[in-house]
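In the two assemblies presented below, subunit A is common to both, partnered first by subunit B and then by subunit C.
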Partner chain A sequence: MLQFALRRLGILIPFLIAISIVSFIVIQLPPGSYVDSYVNNLRLQGNVVSAEQEGNIRAMYGLDKSMPEQYALWMGKIVFAGDFGSSFRYNRPVAAILMERVPSTIILSLTAIAFTWLLAVPLGILSAVKQYSVWDHTLTLIGLVGLAVPGFLLALGIMFVVYQNTGWLVNGFFSPPFREAPWSLAKVLDLLKNVWLPILVLTIGGMATITRVLRATLLDELNKQYVTTARAKGVPEMTNVLRYPLRIAINPLLSTLGWMLPAVVGGEIVVSKVLNLPTIGPVLLEASITQDMYLAGGIVMILSVLTVFGTFISDLLLALNDPRIRME
Partner chain B sequence: MSDTTTSAPAPRPKKVQDRIDRLRAQYSTGGDRRRQRAEQLYSASQWQLMRAKFGKHKLAMVSLYLLILFYVVAILADFIAPYDPQERSRQHIFAPPSAIHFFAPDGGFVGPYVFDSRTRVNPKTFKYDLIVADNADMNPVVLFPKTDPYLLMGVIPMSVKLFGTTSRQPVFLLGADNLGRDLFSRIVHASRVSLFVGFGGVLISFVLGVALGGISGYVGGKVDVIIQRTIELVMSVPQIPLWMALAAAIPAEWTGIQTYFAITLVLSLVGWTGLARVVRGRILSMREEDYVMAARISSASSWSIITRHLIPGFTSYLIVHITIAIPFMILGETTLSFLGIGIRAPDVSWGSLLQQAQDVVVLSNYVWLLWPAAFVVAAVVLFNFIGDGLRDAADPYAK
Partner chain C sequence: MTPSASLKSTEPRLKVEGLKTYFFLDHGILKAVDGVDFHVGEAESVGIIGESGCGKSITAQSMLQLVRGRGQIVAGHAVLRRKQGEMVDILSLDPDSAEMRSVRGDDASIIFQEPMTSFSPVHTIGFQIGEMLRLHTKLSEAQIRERVIAMLGRVGISNPEVRIDEYPHQLSGGMRQRAMIAMALICHPQIVIADEPTTALDVTIQAQILDLMRDLQDELGMSIVYITHNMAVVAENVSRVYVMYLGRVVETTTTERLFKDPKHPYTQKLLRSIPHPGRPVERLEVIEGSVPSAVDPPRRCGFFTRCPSAMAGVCDAAIPALTKVDDEHWARCFLLSDEKEAEDEWSSL
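Here is the complex of A and B:
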């Protein structure tokens, strides 16, 4: 097990380096540096900026050095000082913005994944056991909706229906009176009144694949002889399904648990924009639009690193559960 | 019972008699036809079988025809949309879908027409209300009304549209937006970008996926490991944030066409991984087959083994994969444009049209702004149905 963990960790390191390079490329992509726009701004305001001063500003940000040097400088600051550079849009260190926003993104994503599994697995079983029933068809339809309707549209649609029927506008995590209030029962209730929507949207988005895959693999298993044997011996149907075929059918799903993370995080980014959630999504969007590249690159990097770590942890859990994976 | 009715039966109509003769001829040849059919089935090529099997999938067939209609509309957008997507009407800000009447107020049938109307802000609710005067003029909606000359598809000079009014009162099939622009015309024009982004994107990711997946599977060894790790890396990075960051890098001064291609490129850069995995898997399992060995012994080059012996073996899977990949591209473009980092004004795409529907309060007053969403969902669902049909047809020998 330890050997497996170490080997996985060994793969992780080049991954992290590659991610940091991708993020650095993202930062460098827009033509012209932000010093250009900064200097331009100064000139527009009527300041006289000499070429020498411009050079000084460049040197301050390390822009006069070669690309690899700039990368090393940027990486070094992140690793040793936790300094992601600063956002010129917010005029604050990127790290502070990340600290503020990323935790809520993580919590929301993990909650959504938990709900997805809690709902998708029983529904997948239902779909397989009662094949071609009303349930099965309904679930297929919902799956299709989850597949065909982009998250933002689903969020918008549900928000609209709720607003039309009850006048309740789901917005952010808390209603305005509770935003600054200390924690209390009323505040928790208010949170529940708002937070169900993003969780529902993310859950529907992820549920479709899990339910479909589980249904297909479980159907294969249910037709096998050992199930018939168990049934003939008088094992109650529910126990029969849950004890043996489910264990086998759920395995391919568990092994792709890690792949869910990127999709959910991505979905969360878009949905949080529509629902105005104080997560990292709206910040990334604004950073993208205003070409605040240190912020955008920092967010891409931190989200990627987190998902890669999430995948790593889920791999470890799987290996603990299934000896065959350890032996691979 | 009289003799006249039983002795001589009345001659059958010629059509019926012909049919009976034809049927007799068929069955008298002792099931020749049936045997012929069976023989045809045995000698049918894989592609003929696939086409036949796909044809049996009713839902997929209907979807295919509908989707073709979508694309025809997109190609002929200039002709089908009654108005220019940028044409504003100050009197019709947030005009609801026009009510098309067929009967004159006094009850007589006069064909389709719309009343003269305009919208005005309601001082109490601040909502734009539709105002139709009591004795408003009737404006017939006609086929092929004359318009200013334009070039269909950029080449064919035309001066008629598919439908429209002949007077100054426009007909808003799906309502108007915040500048009084006809939403239907905008959706039709937007479908060009939204429907074709899938093709461009899939083409690029197809080339990348087949090439890298093919090399990975065929060469194996270190190259395989490197390509596989790259794929894992791309797959483990959350797509949407990366898309957003990459789309942000598109310079603001680029033209519509340039932005469009940049978006396509951004979408496909992340999309090729799935295909590469499929191709690698198929090639790995097929390269040990005897016929590949035979080709190698006959000193065929790697290139010709891959292109002539391996790829034809899984073309059907590639087609299925592409059909399923296109809607993902469409959704990706819609999402990016909706967020304001995809297609920029004055160009329109379904996603950028939906930007107006962002505000739920606005939406609750002007529901029709959600129409582009219906088109997105329809296109995606149609592609998925076709994909289902193709998946079943891809292996025509099963069952």
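Here is the complex of A and C:
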């Protein structure tokens, strides 16, 4: 098992390098650069920008160098100084923006994922064990609605209903008076009063898939011979389901756990916009639109690294769960 | 109506009467088992033989009430004498009740045919065998481990101390079947139902497994019901045979009589389709056609469509009853008796 973990960890290093290169290429792909749009804007406003001035601005940001050089500079600073470069648009270090937003994003996403699993797994089991029952049909209906209704619409709807009935406007993580306030019990309570909505919306969005996938895989497994064998031994029905078929039916879910995190981050962009959440999603969107390349690159990089480590954790869990995987 | 005349046992260990297991499908009722009677004496071996789809495996699973989904045991009794000597009709128990679970594995167990798929691939052999003892005894984990190792050794698995912690995919097919036998026998059940125990194995391994089962039977004194389509298994291992066709027993007698003097046309055809080494033939005889569907079967002899001696207006007008040929021979054929199978509430379904 330890050997398996180390081997997997070893594969990660070249993988991370590859990802950084791909991230860099991706952010360079759109035609033009930030300087182009910046200079264009100046010219549109009636300013005269000479070619020499334009060249100076380019040099200032290191955009006059070749691609490999730019990449080397960028990576070097990240690895050795934790410096992700500067955001053109915010005129601040990218690292500072990431520090502000990444932790809250991860905590929000992990909380949503935890709730999703806690609810979806038991419901998936119920749906499979009581196939075609009222429970199954009800859960299927709710699941499909959850899948079909976009998160932001759900968020808006709930926001509206809550505001109509209580006068409480769910907005961001904190209400305005607490935004800059130091941590206190009141601030925590305020957080809880706001944060339930994004968690609820993200949970409902992710639940349907997990419930459906688990229902389908578990239904397959429930008809397998080894389940009958366990029954023939006198194993009680519920113990049987949880001990044998579930152990195998959970595999596809474990293997997707790794990329749930970036999926949640991506899925919550619009939700974050609607609910005014200071997460990473809206910033990524804006950075991409304005060609704020170091900011976009930094975020893509962080998300990719999270995905890679998520996949590593997925692999470990899979190997722990299934001896056939760890003995390969 | 039941062939109660048995060879030596006085009171059967298990007596099944009128077992009907139906599957309620969208396109009709599949009468997988449609009135089966059999009994097994103390330390006796009997065989239930028949082609695929004749209902023999469903009969086996019905004994422990393992039929799920759309399948349902609609009628019948299976009176089992438990370890402590009390008689209980296991089919009258609730399939999910604690009493039914206490019968499974402890009083009666099944050896399944597919040793690969019959074990969970993600649990060790030792865990899965030990689970039997964990369910039915109060032994400590250390004692359980000791018993499992001893049992694995007994069924001929080398290095049981190592094998106990291995997973099914690390064992060969023969080893897995030995482990399956170890699991079925570890609680010393009084009756073992072996559902095609050697079908998935090489011929050489088959012989070893059957020898092992005979040895264990001598040692532990359990009764065995061999469910098989393999005549060789029947010939060498059982004292009496039940021949099944389309959900019913069509003939039953001692193994010797069955091979020497089969009465039912189906059994006769079946025996003639076995190749005999050293007796070359042009072509092996085949039974023309295939087993008809058991979904909503018409009320006639099940073998009518393939029978060379079928009598129109007789065999397709009613179902023959299982009638006595002599003290140890019963068959279900209008050539032998005019007696018809009695109708009940399920016949007209």
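As a convention for this text, the second predicted complex is superposed on the first by the 276 of 328 C-alpha atoms of A that agree within 3 Å, B and C clash if a C-alpha of one lies under 4 Å from a C-alpha of the other, contacts with A are read in each partner's own complex, and residues count from 1 in each chain.
Criterion: a contact is a pair of C-beta atoms (placed from the backbone, for glycine too) under 8 Å apart; a residue touches a chain by one contact, two chains touch by 3 or more.
Everything numeric in this text was worked out from a predicted model, so none of it was measured.
**Student:** Classify the contacts of A:179 with the two partner chains as first (subunit B alone), second (subunit C alone), both, or neither.
**Tutor:** Neither: A:179 stays clear of subunit B and subunit C.
**Student:** Of the two partner chains, subunit B (first) and subunit C (second), which one does A:15 touch, if any: first, second, both, or neither?
**Tutor:** Only subunit B is touched by A:15; subunit C is not.
**Student:** Which holds for A:284: it touches subunit B only (first), subunit C only (second), both, or neither?
**Tutor:** first
**Student:** On the A-aligned overlay, A:225 touches which partner chain: subunit B = first, subunit C = second, or both, or neither?
**Tutor:** second
**Student:** Give one of first, second, both or neither to describe whether A:234 is in contact with subunit B, with subunit C, with both, or with none.
**Tutor:** In the superposed model, A:234 contacts subunit C only, not subunit B.
**Student:** So in the superposed three-chain picture, is A:293 touching just subunit B, just subunit C, both, or none of them (first/second/both/neither)?
**Tutor:** The answer is first: A:293 touches subunit B but not subunit C.
**Student:** State whether A:7 touches subunit B only (first), subunit C only (second), both chains, or neither.
**Tutor:** A:7 contacts neither subunit B nor subunit C.
**Student:** Contacts for A:159 in the overlay, against subunit B (first) and subunit C (second): which applies, first, second, both or neither?
**Tutor:** A:159 contacts subunit B only, not subunit C.
**Student:** Which partner, once the models are overlaid, touches more of subunit A's residues, subunit C or subunit B?
**Tutor:** Tallying touched residues of subunit A, the top partner is B.
**Student:** Identify the partner contact of A:148: answer first if only subunit B is touched, second if only subunit C is, both if each is, neither if none is.
**Tutor:** In the superposed model, A:148 contacts subunit B only, not subunit C.
**Student:** List the residues on subunit A that touch subunit B in their complex, please.
**Tutor:** 11, 14-15, 18-19, 22, 26, 29-31, 144, 147-153, 156-157, 159-160, 163-164, 169, 258-259, 261-263, 265-267, 269-270, 273-274, 284-285, 287-289, 291, 293, 296-297, 299-300, 303-304, 307-308, 311
**Student:** Within the complex, which stretch of subunit C touches subunit A?
**Tutor:** 61, 64, 66, 69, 96, 101-106, 109-110, 112, 114, 117-123, 131-132, 135-136, 167, 169-170, 183
**Student:** Going by the contact rule set out above, which residues of subunit B touch subunit A in the complex?
**Tutor:** Within the complex, subunit B touches subunit A at residues 229, 232-233, 235-242, 244-249, 251, 327, 331, 334-335, 338-341, 354, 357-358, 360-361, 363-364, 370, 373, 376-377, 380-381, 384.
**Student:** How about subunit A: which of its residues touch subunit C in the complex?
**Tutor:** Touch residues, subunit A against subunit C: 223-226, 228-237, 243-244, 247-248, 321-324, 327.
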